[in-house]
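Sharing a structure below in structure tokens format, with a few things to ask.
Going by the order they are written in, the chains are A, B, C and D; count residues from 1 in each one.
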Amino acid sequence: MRFAETDAQGIAHNSNYLVWFEVARVAYLEEHAGGYQRLRDLGIEALVLETHVRYVQPARFDDLLVVHARCVDVKGARFRYEYAIERDDTVIADGWTAHATVDGTTLRPTRVPTWLSDAIASADRPAAARPSS
Amino acid sequence: MRFAETDAQGIAHNSNYLVWFEVARVAYLEEHAGGYQRLRDLGIEALVLETHVRYVQPARFDDLLVVHARCVDVKGARFRYEYAIERDDTVIADGWTAHATVDGTTLRPTRVPTWLSDAIASADRPAAARPSS
Amino acid sequence: MRFAETDAQGIAHNSNYLVWFEVARVAYLEEHAGGYQRLRDLGIEALVLETHVRYVQPARFDDLLVVHARCVDVKGARFRYEYAIERDDTVIADGWTAHATVDGTTLRPTRVPTWLSDAIASADRPAAARPSS
Amino acid sequence: MRFAETDAQGIAHNSNYLVWFEVARVAYLEEHAGGYQRLRDLGIEALVLETHVRYVQPARFDDLLVVHARCVDVKGARFRYEYAIERDDTVIADGWTAHATVDGTTLRPTRVPTWLSDAIASADRPAAARPSS
């Protein structure tokens, strides 16, 4: 947890959780599918359609957080991620995000590439932005 | 829409919507209940329990956005806000946030002050971060 | 001053000043030269080469800040901005930024367009992100 | 480099460098002086007085950056940090920040504690936010 991510309540501002979800999403793609940049190089962008965060306990400056991310429900051009943020093996927040893959130029929906949905299907356990101990 | 709020997709990063919701929440409290600072001066903090955003159309640099906010469902120490973000009278995103009022020192739940719930009850139309034309 | 811009010291995080400088820079271009988007539409990007901020007094949540910006020293592909941030007519921070205009595709330096340097030369007083009272 | 840190130019927004400087500053204090939280626990806050960044080459999404930080010039209540940000052993940005230690309650200047200035004096090489290879 960066100091810049705190607010005047002395805890992490609620908007940062969406950034942390994204960091874990990028790590997930890196681990299972060659990275987000590979998608971008193919001219495919992933738009965010919906986000949901549940804040269970505040995160504080210098907390070491583990963000678990898992891609679920790939269907056509749509996919979803589920997340859990842990501190000392306790979940302090969770949530999910919904996405659509689109052509980077036309922004029209385009199916999730087969190699990516295959990679996701074969990923049988969540990735973490930092390896949990 | 600030340039700093864009990302490499050329659109507003999804985390900014939670900041915009907050700006509208603060404007709502200002208009209906003497301001967020009044709550803080009373030693009351409002924690964010849950956030939900639905992204309908991307926001782009220099877009003039109107963020409608409305406080709903005040019950004990809990309350909720609903939001709609408009560009040229078209909704480009909406969402809701759930909150709890807590004692700023002990962080224990404390009832929403009566003057605040009364003010909210008497507010019969949504406030906007910028007046819509 | 947005609540999301505060940090655990209860004041504005130092990085936000660069965002506020940019907001004023964009307002300056809007007022004097048809807007930053006009530059982008011409395939010209303005890169940031150097930034400097001097923090005189902390900014706090809900402060109404006026950011004065002035473009100075246009030379070839280079230009500079100077800034002063005021609260209640007192300067609480100042600074400057140095920029280069580049071709948006090749990222090679390209002269500041004449219409822009002319517009800057004829601007005889600083613009403000919000009109000062 | 996080995706959320990019802007519509496809590169890191200039304000993030101040956040990265801070991350390295915190890592430096952790390595040499028991951590920033130790200062805060003693009721001492470090205010930022001045920041300067020189952007040499753009940082891009997913770049692995090493941020070198070094505390220099401790004098009374004042101290300075110098930074260099490297990608693949090439400096892509550098800068410095000036600070003052203040009493966390009164915000009056208070001398940098001896154990901290001693720790800084004995630190003979820069710390890095990520270990360089």
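Keep in mind that, in the parts below, a residue touches a chain if its C-beta (ideal position, glycine included) is under 8 Å from a C-beta of that chain, and two chains touch if they have at least 3 such contacts.
Please read these numbers as outputs of a predicted model, since none were measured by experiment.
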Set of chains whose contacts include both chain C and chain A: B, D
Most distant chain from chain C, judged by the mean position of its C-alpha atoms: A
Between chain B and chain D, centroid-to-centroid distance (C-alpha), Å: 33
Rounded Å distance between chain C and chain D, as computed from the means of their C-alpha atoms: 24
Chain A and chain D, separation of their C-alpha mean positions in angstrom: 28
For chain A, residues that touch 2 or more chains besides their own: 3-4, 15, 18-19, 22, 61
Parts of chain C lying in touch with chain D, wherever the complex brings them together: 9, 14-16, 18-19, 22, 45, 47-55, 58, 97
Residues of chain A that touch chain D when the two form their complex: 2-4, 18-19, 22-23, 26, 35-37, 61-62
Interface residues, chain B side, partner chain D - complex: 3-4, 6-8, 10-11, 13, 15, 61
